Amino acid sequence: MSLLRLENVSRKFGSLVALDQISLEVAAGELSAVIGPNGAGKTTLFNLISGFVPATTGEIWFDGQPINRLSAPDRVALGLVRTFQITEIFPELTVSENVRIGVEAEAGCSGSPWPNRRRTGEIRARVQELLDQTGLSSQSSRTVNELAHGDQRVVEVAMALSRRPKLLMLDEPTAGMGEEETDRMVELIRHLHTRQGVSILFIEHDMDLVFGIAQRITVFNYGKVLAAGAPVDVAANPLVQAAYLGGPQ
Amino acid sequence: MKGRARTIVATLVIWALLLTVPAWLPEIGGYTALASRILIYALCAMALNILLGYTGMMSFGQAAYFGLGGYGAGLALIHLTHSTWLAVVAGTLLGGLAALLLGALVMRSRGIYFAMITVAIGQILYFAAERWDSITGGQDGLTGFSRQPLRFGHLTVPLSDVPFYYFVLFWFAIGVAVLAILLSSPLGHTFVAIRENRRRAAFLGINVSRYVWASFAVAGLVAGLSGSLNALLNNFVSPADLYWVQSGNFVIIAVLGGMRSFWGPLVGAIIFIGFQNYVSSVLPNNWETVIGILFIVIVLFFPSGILGIARRRARIV
Amino acid sequence: MELVLFDGFNGLIQGAFYALMALGLSLIISLNAVINFAHGGFMVIGAYLAFTLEPYLGFWGALVVGPVLAGIIGILVERLLVRRLYGRSDPVYSLLLTFGLALIIEDSVRSIWGAQGVPFAIPAALNSPLSSTYFFVTGYRVFVVGAIVLATSALFAFLRFSSFGVRIRAGILDLETVSALGVNVYLLRAVNFAIGIMLAGFAGVLAAGVLQLSPTMGNDVIMATFVAIVVGGIGSLLGSVLGGLIIGVAAGVTSAYAPVASDVVIYVIMAAVLLVRPRGLLGQEGLFE
């Protein structure tokens, strides 16, 4: 069964059609990539799925239920969690405080007005678990705006994981990263997918990376789906080659 | 742990100083009622700081709940009760209830819009209080009540300056404890998350407006408490307690002491009220200019407040 | 019937006046990113300068020189104080700095010209009713509305057709890009601030002929001005004019039928507008939030 399904979803900004009749599916357990040139509508797609902007027309289903009318926080509660192209973190808090906010939200106690010793212990343990998983333990008490760019992006992923996502959406997870940082992020994505069974949908510009790890690729161009399928099929698709990969090589 | 030890020592020193005010303040030229006023303004600014410094919402209408607390306490003493305790409770609840209801109107706005709507609400209440002569005493303010002696069994304590200071300190301690517990709770963490990055908070599943509302209600509740005490301090409530200039005073007290520190507004209130008191006796005609210059100097040279500077220096050393 | 017209006309004057104040403040908020609480203070300065100059220059001279002097004071304030806030993203600092400035201005005006209100002479030619039926339509009132329409049109023409004005508008939308294109942003902001203050000074001189001058006359005006801007939508100059007219007319009409509510009505309108349109009538999403 598909975890995420979009049916004829469009988004217009004034007269500009950013996404035009998109249909798309992500299966449970899949590691799926979205590629396409700048302005093809990839981030708009993420914004629609995550509830950042509403769809103009069309239906979005997640985990068997329509989510068009749900607010962004409600979608997160269903297990639909995203990161952003430009890292969104809590800049003046430490690494562990950043993650703690998410853990508390997952524990359903964001609105609890008094501290509770037992719960505090559980939350601390879960934060530590997430930091270990993402390799951030050694930096846990550093303020995140002092961290290297790559580490900041890992913090954002750790925060997303705190909500135990059914579908983790990563918007250009390796943007602006050096080779070493990129390798680390790829390793993390692989680990999450294979060891923890997290379904992942990610936008990426690095073609070697995409064709290296994705099980399924959807190609966007001018707000439309140009092609979708397994990496070999997509790479062989003449439309994709012409429009995006720069013609047959 | 070093930082924690320092915090504990600082907190103990603050409470020791506050408990002994009537003993040492007159020695340095102050008077006890002045200390009561400082505590009252500090409490209101600390409450505002939950919104301003911790949730990152620029409220410019804190005086509304301060003033309502005052009217609530005064009217309770006139019409309902002879208990000073109950008057405080009534004023606090009025401020809190008003903030709870009006918070629903403001919780979705941000930035300048938030500041302007909070100002607008304060102004509506100000004009209402100023015009509704039969209830509020109109422009002349609310009079005809005075703080009643406290009864403990057979013991009756008249609330002259010094006992009243301890009465204020008692409520100040409760208000401060509520705020401190709140800030160390998950809700307090949520407030800070909203200040740091609203978008990230929302996409971690946090319903931002709901918690802005909560922050607003708490700030209003404690402002109501502070306003009640202010009414009892003066045995008088003025519509000017609701006016936007008064809201500005609370903001400057919070900024002056340091918006990012819990005790900052207390330091800000000591300086602001002390300074105002001194200048208005030395320069009765031009104290506004001096206060204005103080505002400008703080903004230009001490933007992170007195405690902000102290903390930065401590970090370097 | 006359009464309705009378109140409507009064409201129109008030609205035109708020629109002028709101337009100047809107320029400053949009380009200088400064919430200028002292805008009412600058209006008072303009009014009192005109009062002082009038015996020497006459009404018409004072009408021109008063606002210009206010603008020069504005430039000084921008260079010495306001400029230092440009790097700070938190609007609380600009609010507090100009709040302090407003206190200083009010106090200084009181020290220089006295706490009591003073009358301001307007030319006899402008002071007589234009018609015996509509006695309230004095020449001066018509002149005020005309002068404001003229000043507003001139400003919009300047912003649309002069290259400097185009830069100001571009800067309001995206200051970084304008700066990257090689425009001297410091100069742009200084001139813009001065223009905003001149408009406030001009409003002050015009108001002096209708209201009596007093050091505190800026206090209520500044709040009404903020309300006008929020109603119109922060960042929209046209919105500010619209917002000023709406709340002015509403206040004028309300003061006729329910005097008690006349001070409150503008805040009620603002609350109502924001509930329906959270960014005001013509405001844009994401700006100034």
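In this document, chain identifiers A, B and C correspond to the written order of the chains, with residue numbering beginning at 1 in each.
Operating definition for what follows: a contact is a pair of C-beta atoms (placed from the backbone, for glycine too) under 8 Å apart; a residue touches a chain by one contact, two chains touch by 3 or more.
These numbers come from a predicted model, not from an experiment.
By number of C-beta pairs in contact, chains B-C lead all other pairings. Put simply, the chain closest to the centre of the protein, by Cα centroids, is B. Measuring from the averaged C-alpha position of subunit A to that of subunit C gives a distance of 48 Å. Between subunit B and subunit C the centroid-to-centroid distance comes to 32 Å (mean Cα coordinates, whole Å). We define each chain's centre as the mean of its Cα atoms; on that basis subunit A and subunit B are separated by 43 Å. Of all residues in subunit B, those touching subunit A in their complex are 181-182, 184-187, 189-190, 192-193, 196-197, 199-208, 210-211, 214.
Residue ranges on subunit A touching subunit B, taken from their complex, read 50, 52, 71-74, 76-77, 81-82, 84, 88-93, 97, 100-102, 104-107, 109-115, 156, 159-160, 162-163. Subunit C meets subunit B in the complex at residues 29, 35, 37, 81, 84-85, 88, 90-93, 95-97, 99-104, 106-108, 111, 223, 226-227, 230, 234, 260, 263-264, 267-268, 270-271, 274-275, 278-280, 288-289. Interface of subunit B with subunit C (complex): residues 52, 58, 60, 105, 108-113, 115-117, 119-121, 123-124, 127-128, 131, 244, 248, 251-252, 255, 259, 285-286, 288-289, 291-296, 298-300, 303.
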